[in-house]
Amino acid sequence: MDRNGQKAPELVTSVWLNTPEPLVLENLLGRVVVLHAFQMLCPGCVSHGLPQAAAINQLYRSDEVQVIGLHTVFEHHAVMTLAALKAFVHEYRLQFPIAVDQSSEIGPIPVTMQKFNLQGTPSLVLIDKTGVIRFTHFGRLSDMEVGNMIGQLLMEDNGLQRATDGVEMKEPLADGQCDDKGCSL
Amino acid sequence: MDRNGQKAPELVTSVWLNTPEPLVLENLLGRVVVLHAFQMLCPGCVSHGLPQAAAINQLYRSDEVQVIGLHTVFEHHAVMTLAALKAFVHEYRLQFPIAVDQSSEIGPIPVTMQKFNLQGTPSLVLIDKTGVIRFTHFGRLSDMEVGNMIGQLLMEDNGLQRATDGVEMKEPLADGQCDDKGCSL
Amino acid sequence: MDRNGQKAPELVTSVWLNTPEPLVLENLLGRVVVLHAFQMLCPGCVSHGLPQAAAINQLYRSDEVQVIGLHTVFEHHAVMTLAALKAFVHEYRLQFPIAVDQSSEIGPIPVTMQKFNLQGTPSLVLIDKTGVIRFTHFGRLSDMEVGNMIGQLLMEDNGLQRATDGVEMKEPLADGQCDDKGCSL
Amino acid sequence: MDRNGQKAPELVTSVWLNTPEPLVLENLLGRVVVLHAFQMLCPGCVSHGLPQAAAINQLYRSDEVQVIGLHTVFEHHAVMTLAALKAFVHEYRLQFPIAVDQSSEIGPIPVTMQKFNLQGTPSLVLIDKTGVIRFTHFGRLSDMEVGNMIGQLLMEDNGLQRATDGVEMKEPLADGQCDDKGCSL
């Protein structure tokens, strides 16, 4: 069972790449957080999940939508090492912060993956501005679905006193920008 | 110049397909309206725009997001006839309501296309729940961008008394107000 | 039943586009001929068949592989007119010679389509250097399959005296050699 | 400079996967051999080269066209180990025989890669039925081009006396990085 509606537990990680210092969810309140769990030897992650995460990272400003890659190794531990991940991240030119999920002492499933109760890779977790898990999905999602959900979360009030189970959506944060692609809402 | 921020003018059409009766924007207040302007002989419409419109139509409930196809013929008028459009809609299995833009008596550009000041096909127009044009784009858009914008619009308050100050964007006219651009209903 | 192994019947057409004069199969002996039957309102032709025909046309020299588009209208006759086809060819920037299959006096299926006994659109017909139909297919084919077959046909001896019934694509007799099947010149 | 027109040197390998015993080019005379050089951390190999090799393997019978994958590690040696490759081959469900190129004692480029003078990964080498290298390419090739060349090679007489020089060949590009096209030396 997923953790939607619950406060997102803090990430438990061993290493971070692409960031000068570890990201802490508590410090990201006010932003929508897109957590993409992957394994470098997972074909669906390489062909679909990671390119989608990269597209999200490119579309949004990171102070509005923070993309985080989470390397949740639950098989082939011996070869999906930190060194291998670094080479992978370099060759695939991944730009967003990526954390290595802390391996567990009691089994193959790493700690954060367990805490979010993820069912495999790729998995996408959407955390709202108040730090609550709002969506958890294992497998593929269309870009349109993902864009739709992030768009909705962006519009939510970020008052921390908001009830975490009800979706109170009355305060649009409009901020009109135009560029060569058009004008955004 | 686009019409973003202005009240969407009513569609002026000659025929409707895929709907028992013509759609009237005024009756769609409370829904987000996605207006997709196309021509059946426009390659970018066939390969990209119409499939995207169909994907929107499939993702959302029509009482939340109403997709409307608008056949805005501005070239090859002799062959893009109603009969041809009907065969096209049948063969491409388009399911959403499609209107034929009223041809103009004074030039090749049909009436609604002029009223929205569209620059070509495919064009996408997003109209918010209060009937205001919020986004107009000629050419391609990624599914993620479109999903993001629709998601944002879905979250907006649909009260007609919506405050206009939280929407610094393109100065949408509030109901019953006038400014140098005109007067809204 | 297809006509593979038989001499290709001459095309019966009403109009040609993209060529100063009608193409005659008899004059194309020595070339591999790729005949692509399509209808402008056939989604599979627009999304797959015609782009593949265009790719063939771009990959090969026309004096080695001659691509011919054949507009075989067997439905929606009233709207797939010559004028409509011209607009279509213009907008889709099709470069190779395209013929309009001669309409039949006795039914909806045009004459050449009947002579080749095609089952629908898109259909691909490969005619070898000696004018013999070697392959007929209704529906999709991978680019690799098509490339493979054209590559094989290109390598065949083009001696006009070759037996037209022996479709033995993979083990042709070399010049001046004999084996249990016979002797080649 | 590539080795087209020369007798293909025997593969020098350390391990073979997906085959009960090592493949020897000398034993494959009479077949067209498709040698696909790749690295498991090369994005262009994963997205394009290996799927193309798999498509070749599926389209042709292996006694006519023998596909061989060659893991030519020239960077990130520490992480592209045999164990990692095995996990990769398993997860990507690669079915065709794959050899690990023998590492060199004097530099990062493995032995067979040097012998064929490959410029990076992915590289495709086509060896004809007589064991002669006929085509060497670094980077992407369309499926149609590859199908065309294999089709042509399949049609060639396999008499060993065939002239090896009349072969048109493409020039590989080399430029010291990984990009969408692949990884160059």
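Chains here go by letter, A, B, C and D, matching the order in which they are written, and residues are numbered from 1 within each.
Everything that follows uses one rule, which is that contacts are C-beta pairs under 8 Å (C-beta built on N, C-alpha and C of every residue); 3 or more make two chains touch, one makes a residue touch a chain.
Everything quoted here is computed from the prediction, not taken from an experiment.
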item: Any chain that touches subunit C and subunit B; value: none
item: Equivalent of B-C within the choices A-D, C-D or A-B, defined by over half of its residue contact pairs recurring; value: A-D
item: Gap in Å, rounded to a whole number, between the CA centres of subunit B and subunit A; value: 33
item: Distance between chain centroids, defined by C-alpha means - subunit B, subunit D (Å); value: 52
item: CA centroid of subunit A to CA centroid of subunit D, Å; value: 38
item: Per-residue multi-chain contacts in subunit C, two or more chains; value: none
item: Complex interface listing, subunit C residues touching subunit B; value: 41-43, 46-47, 76, 78-81, 83-84, 87-88, 91-92
item: Contact footprint of subunit A on subunit B as seen in their complex; value: 2, 4, 52, 55-56, 59, 126, 134-137, 141-157, 166-170
